[in-house]
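Before anything else, here is the set of structures, which you'll find just below.
In what comes next, subunit A is part of two complexes: it sits with subunit B in the first one and with subunit C in the second one.
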Partner chain A sequence: MLTLADQTFSSRLLTGTGKFSNVATMRQAVEASQSAIVTLAMKRVAAESQQDSTLKALKALGVTLLPNTSGAKTAEEAVFAAELAYEAIGSHWIKLEIHPDQRYLLPDPIETLKAASMLVKKGFKVLPYCGADPVLCKRLEDVGCAAVMPLGAPIGSNQGLQTKPFLEIIVEQARIPVIVDAGIGKPSEAMAAMELGVDAVLVNTAIATARNPVAMAQAFASAVETGRQAFEAGLGATHRTAHASSPLTAFLESTT
Partner chain B sequence: MTQIRLHVNNQAINAISPISIAELVALNQLGSEGTAIACNNTIISKQEWATTYLKDNDSLDVFTLVAGG
Partner chain C sequence: MKVANALLQQDLSHLSLSINSKNAHDVEHALKSTALTLDDFMALISPAAKPYLEDMAQRAFALTRHRFGNTMQLFVPLYLSNLCANECTYCGFTMSNKIKRTTLSTPQVLSEIAAINAMGFSQVLLVTGEHESKVGMAYFEKTLAAIRDKVSYLMMEVQPLKQNEYVKLKTLGLDAVLVYQETYCPKHYANFHTRGKKQDFLWRLEASDRLGQAGIDKIGIGALLGLGDWRVDSAMTALHGKLLQQHYWKSRVSIAFPRLRSCEGNTTGGNALMNNKLPNERDLLQLICAHRIFNPYAELSLSTRESSAFRDGAMPLGVTSMSAASQTQPGGYSEPTQALNQFDIDDNRPVEAVVRAIQAQGLEPVWKDWMPFRLSLT
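Let's look at the complex of A and B:
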């Protein structure tokens, strides 16, 4: 069970809905992932355009919708996007993301902290996408965020846990849930994140762009569950030298 | 009945005044489920769409939730 802002969720895998080849596949993959929380984005609509049926499909699944503020370049724009999202679906959950640079889509820490503080005061449950910076994560916790979402690697890069040593420090220090967002490319990486004690992971590209997204969603669901189980079981210590698993009797060398 | 010019998502359109946001939404099939509208950068809640009438040169931003990560 994952607890965010006093609400419990049955899965520690959050799924993003972008990049799927069609809505039916997205819906099946979300179902297969057993995710209880899925992300969405805000977009301007063109008049008389075909309505995107993503929202309808997700509402039918009964999952918690987590709209993001993607596209916002400043704290003010992000707050505006969050308020629009609230108006659109009547939920205070918001995935705060402010990444002005298009090449690496790295989150702007200063605008993110500013927006987080403003949104918490307005009653939003804020989940900020942020760099794997332990100091920033503490600051985001201090202003009242419901969780922190440090990145493993740039969005959609499938590079895995490039920030692992820093994620370990964040997990050690955080008093709010830690959700690794962005960069996870393989189930083994999701499992590794869970083993080091993060509360949840968010996966989108790795599922959506797999040859079989539904099967990949299942693979991620298993990996996240196994990783969590391992963390709760308590991993054994690592050593630089060998530590014998069998009794070291000397009879093999004995000549007498 | 006068013709007014509105800017919907930065696209100029002509409309006949009086016209409410609700009427504009229906006329242009902008959809209402999961839709949010801001008029001159102020968000107008759905309950106010029917009673908010648009003026010449009003700028509307119409947003909806779509697939995203």
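Let's look at the complex of A and C:
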């Protein structure tokens, strides 16, 4: 069970709706992923949101919608997108994404912190996508975010957990849930993130652009579950060297 | 004007020699590289790369799907006016052409928008000839204010404007501006543009810097293939895109590759065809794939100038946005006539047919990709 802002969810895998070849595939993949939380870009939602086919499909699945502010370049645009999301979907959940950089779509830490603070004050439950910067994550926690969503690698890159040492610090320090948001390309990487102790992962590109998105969604679902199980079971510590089964200091036992 | 200056530094005859001297080794090197240089791009558009078209298509397909997903943006051009104070030997709107001239009034523009919305479109490209006194800032401001709440993404293809004018239009909800250089060769440019403000090569070349500095969300560039050496012009376009991304990192870059088409009163198209200067469809596909491989982040746009068969086949291999069911005459959507086209389109299928073709390629049409505009952001 994942707990976000006092609400519990049955799955630790969050998915997205972008990049699928059609709504039917998206719906089947989301279903197969067993995700309880699904993000969708407000910029793609039709002006008459009741008519939006993606929205209709997600509502039929009964998942919690996590609208995102993708496309926003400034805090002001992101706040506007969040307000539109509230009007269109009635959701106080908002995945905050601000990426003025048009090539790597990297999040702007300054605008993100600013927007997070504004949105929390307006009553939103804010989940900010951010760099794997432990200090920034603490600052986002301080302004009242419901979770932090640091990236594992550039979004859509499928490069895995390139930021692992920083994610470990973030997990150690955070008092709010940590969700790895971007870069996860393989189920094994999702599992590795879960083993590391993050509360959840969000996967979109790796599922949507797989040859068989539905099968890939299932693969991610079991990887996330296994990774969490391993974390909860308490992984044995890893060591660079072998541990001798005949310790060198055993002689002390016989001298006393 | 950092980008324009860098472009002006290029020696076009050197580029031409370089492109034509590329060999199979250069092409294979380019195809193996993950961070391509302009030399690699030139190898990919060179005659030496012709046998590698299938490899290029595979790579371009994978890169596009990875970055943009299985989607295709749909937009439609809206011609506001065919008034023009330029003489351009390849264009149907050219000043000396005896065609009926018209500029849509606000109510007429609103009827066009209603017709466009009824077709499903909300991403709109406003197009005009270049007539600064009659179709200038006052007209643009009035028109944008009237229609912005009825479109989700507003693009413009009009005469190059001043930086403060772009800034002003941005406050009225302007998202993207396309300024095609037509040809990057000043000598050719002078031959085709014989009267009017458009003769000013540099003013046009510097437009993308003004757009970047004005913070416009998307900058569209391109050359009209067939005016000059299409390979050289394409190399310059590719470089132009990369420079824009480096200098104006908050703006997206969109590249188009229009081929010269015939139009009323135009002889240039026919001449280019006869002189073998026009890329054929195989060349064009090679070019699209080369742009994608060179610049995985650029948006690539394919218009209805091309045939339906070519568009259907090429669309998954790099293209990210397409127009459909376009009218190239002012008033064409609400009151179609045959008299005023800027050029003849080729893919004249109704929008439903284009949508079916997109879906048949395993792609999802995207009609909206931005939020409604709010005048005063707080």
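Quick notes on this one:
Here is the rule we use: the second predicted complex is superposed on the first by the 234 of 256 C-alpha atoms of A that agree within 3 Å, B and C clash if a C-alpha of one lies under 4 Å from a C-alpha of the other, contacts with A are read in each partner's own complex, and residues count from 1 in each chain.
In this text, a contact is a pair of C-beta atoms (placed from the backbone, for glycine too) under 8 Å apart; a residue touches a chain by one contact, two chains touch by 3 or more.
Everything quoted here is computed from the prediction, not taken from an experiment.
With the two structures aligned on subunit A, subunit B clashes with subunit C. Applying the stated contact rule after C-alpha superposition, one finds that A:Thr205 touches each of subunit B and subunit C.
Of the two partner chains placed by superposition, subunit B and subunit C are both touched by A:Gly18. By the document's definition of touching, neither partner reaches A:Ile110: not subunit B, not subunit C. Looking at the shared chain after the overlay, A:Asn68 reaches subunit B, while subunit C stays out of its contact range. Look at A:Arg44: by the touch rule set out above, it reaches both subunit B and subunit C.
By the touch criterion defined above, A:Glu77 reaches subunit C but does not reach subunit B. In the superposition on chain A, A:Ile155 makes contact with subunit B only, while subunit C stays out of contact range. Touch counts on subunit A: comparing subunit C and subunit B, the chain ahead is B. Once the two complexes are overlaid on the shared chain, A:Pro100 sits against subunit C while remaining clear of subunit B. Of the two partner chains, neither subunit B nor subunit C is touched by A:Leu235. Put simply, subunit A uses residues 18-20, 23, 42-47, 80, 84, 156, 205 to touch subunit B in one complex and subunit C in the other. Per the touch definition, subunit A reaches subunit B in the complex via residues 16-20, 23, 26, 39-48, 51-52, 54-56, 65, 67-68, 70, 80, 83-85, 87-89, 155-156, 202, 204-205. Across the interface of their complex, subunit C is touched by residues 18-23, 42-47, 71, 73-74, 76-77, 80-81, 84, 100-103, 156, 158, 205, 208-209 of subunit A.
Those residues of subunit C that touch subunit A in the shared complex are 65-71, 122, 152, 217, 245, 249-253, 297, 359, 362-364, 366-372, 374, 377-378. The residues of subunit B lying in touch with subunit A in their complex are 8-9, 11, 13, 28-31, 33-38, 41, 43, 45-46, 61-69.
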